């Protein structure tokens, strides 16, 4: 894929080379995101960070990524604050807003809305989530985290063993990750979920067609025993008919310290797309694992900034110029990464 | 008018020379807004973008205009998020907020509120809409668009034929535009509306006093036949007693491709202050005109950025310094203007 | 206290030397806040301005302070817009958000929440108000204002006479100010409140233990007669069981022009933490004092920017570098400070 000037709407746009290109640029972004070096390469550029559905983490992550490249961010955070409420079409909204900024990041509750918006937009659009449909930067940051975590143990995505746990039916992050895994080879994928929340069969078929081994189970202990990666997800409550219906599935596959210690191999990496529900009886990933060095959930969100910086740099064609606009950070920075 | 350090509260502040001065500076802003060149002339300056009533388009347009000049933007988007809810007076709010920034843009639902705020403010204030009252930058961008569109056909505002369509009673944009037209000469103004939504007589009188020809009709076909500009407006639903009352007038003067092709001269320019209501039976300007090159509605919003940049540059007295702080854009920019 | 890299969570962190250090740096910030000089010392740094409870003034003040040092601001303004609603713990929120910025300012309605957040944060956190508990930058700006106002009359905090008026039971600003006063010597503190809204005895004890004179009264005239500073507060309505309960206390100690002229010494300074309630029968500090030069309430909010700039500069360790990154302001600035 040619990144320059293009929309990023779906994981299906990426082949393996594209993914590797994003990861390579993300690696370059590390000293900037970690505040060792400052770059001003996008000084004067404007991001329209359009969140018509709330998402603090994703919104701030994209905004910071753009700031870290030196650009400015103009933001919208609510559907009520928009002309959509007066019957304005996505076509009009896109035509207007794309005259205001150099690139747009958009989240919207309706599936397909971002794609529709992008068609009318006069500048590149990055999909930050359209309902239950796509959220490609999440899939990229997940896969990037998997790659980096495995590398510290001398392993690669090819040949890895990954276990997906929880709501595999509605979890957008899981679906996108699975799609990307089909580009790699020789993976053993274990699926742990309540039968009603199983991974849809088209994803299972795609994994098998790619030559991967797929094991389904509703017993947590089976699935996590021999795994390099545990990918735990929360129940997507908002997709259920009622809260009571959703509650039936909350916390039934809870990964905690006891279970991890008893069943997992020593270096099994724990991931989660966040937010995790930390309320009593609802948590899918217990806080008693917070000090476990294999808990990679905050390295995931840290990596999200790198991936988003990389996407901006590729789309706006400044990868080769970043270091030229750099200098050392001159303020206190915590050793936090 | 001396722009430097002054408030911009009303179209009545502008004489013809003032308008021409704004347009001249807006023309200078084009390469910056179109991302050919970056200027940092306002680097370090702060805009307080205070929207106590939601308006995504206007808010982002002002914010981007300030960013394009190199300045920073601090924003407020909701009346609930403010001390107004605790009984704070506009005087106090203005005194406090004007200590935080170099210039303030303000929108508020109450008529006269921005003027009251400006009286207490210690820095210049731009009115971005006070209820049904004033929205001067909208009037300026409309007139600027008319001027530029006509120029491509070898015409001028003096001597033009313009048709105003829709809710002429409550439409703030129409009222402000009409006021500005009185500064020009020899215009033929056609007014098309339901009798109950006719342009108030004081505006009609003002137009006639300026020597313009005014024609009133409730038949769309009559008014659009020989026009240089169609200015279509939506029904200002929020001004009616009930939704049912408002719905009676929605979409009764619908301009679409068939009507345009049958009745209009080939180069008649189509304008609209936006948002347009694109819902079935409600639209006043049909989407089937979207590919018509005479549809100027998105050039209007693009021009809004130029006009707002010009107002900032004039008020903050940096017009003469802009080019000195400039350099070429170094990132990918779509050919979108 | 070593400021560099530390959280600012409570007034109890500060000894007298710390306070003087903040004030010294705040003094240095004056030409930057007053737009005579621009500094870019924090260019490339990012503030996470996290307001999980609305507060326009405090939020914009912190944001502008960071912009004035050259940094960027990413903002969150609503609890509904956050993952907290999905059961995310403050630990997770802190871990994630502290990977996005160099420093975080946080306001939250729950007492102790900011402290809990800070524990998990990987970057310095400034408490901008946790419920009725702490708001240290407000206390610092109040004390800084007192110091500067007194200095113009040749007086100092040591030895001053201050009168605290209104809701002394629930007023967070009053409690924090009182705590700081215990670090100074020989102050006469007059307390004027309804008996039910008296200053809690632990604060009175602390003042007396520090050797200060404390006088309690429920008669306004007694307390304001011989004072250098009047510190008027509003009734903290949100802390009462019902609106009717709160209304009983609103506006009963109203300071206005008549009372000031009749009872106060000529140069008595009038302060208020704002917002003041300006509604009829509710106001605690009348608008008829707005033109009185001793009314320091807007100098307080102006000073807030200086104090917040100082805190950022100290925590991020750039105090010594500010002037090196400076240049003259090149745009129009009102003479407003």
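For clarity, chains are labelled A, B and C in written order, and residue numbers in each chain start from 1.
Convention: a residue touches a chain if its C-beta (ideal position, glycine included) is under 8 Å from a C-beta of that chain, and two chains touch if they have at least 3 such contacts.
These numbers come from a predicted model, not from an experiment.
Taken as a graph of touching chains, this assembly is complete, with every chain in contact with every other.
Overlaying chain A onto chain C using CA atoms gives a rotation of 120 degrees, to the nearest 5.
Counting the residue numbers used at the interface between chain B and chain C, under half appear in both copies, so the two copies meet with largely different residues.
Chain B and chain C have Cα centroids separated by 39 Å. Chain contacts: chain B has residues 72, 75, 77-78 touching two or more partner chains. Across the complex, chain C is touched by residues 4-5, 41-46, 48, 72, 74-78, 80-83, 86-89, 91-92, 95-102, 122-124, 315-318, 321 of chain B. Put simply, chain C touches chain B in their complex at residues 35, 38-40, 54-57, 60-61, 63-64, 67-68, 70, 72-73, 75, 77-78, 234, 237, 274-279, 282, 287, 290, 297-298, 301-302, 305, 329-334, 336-337.
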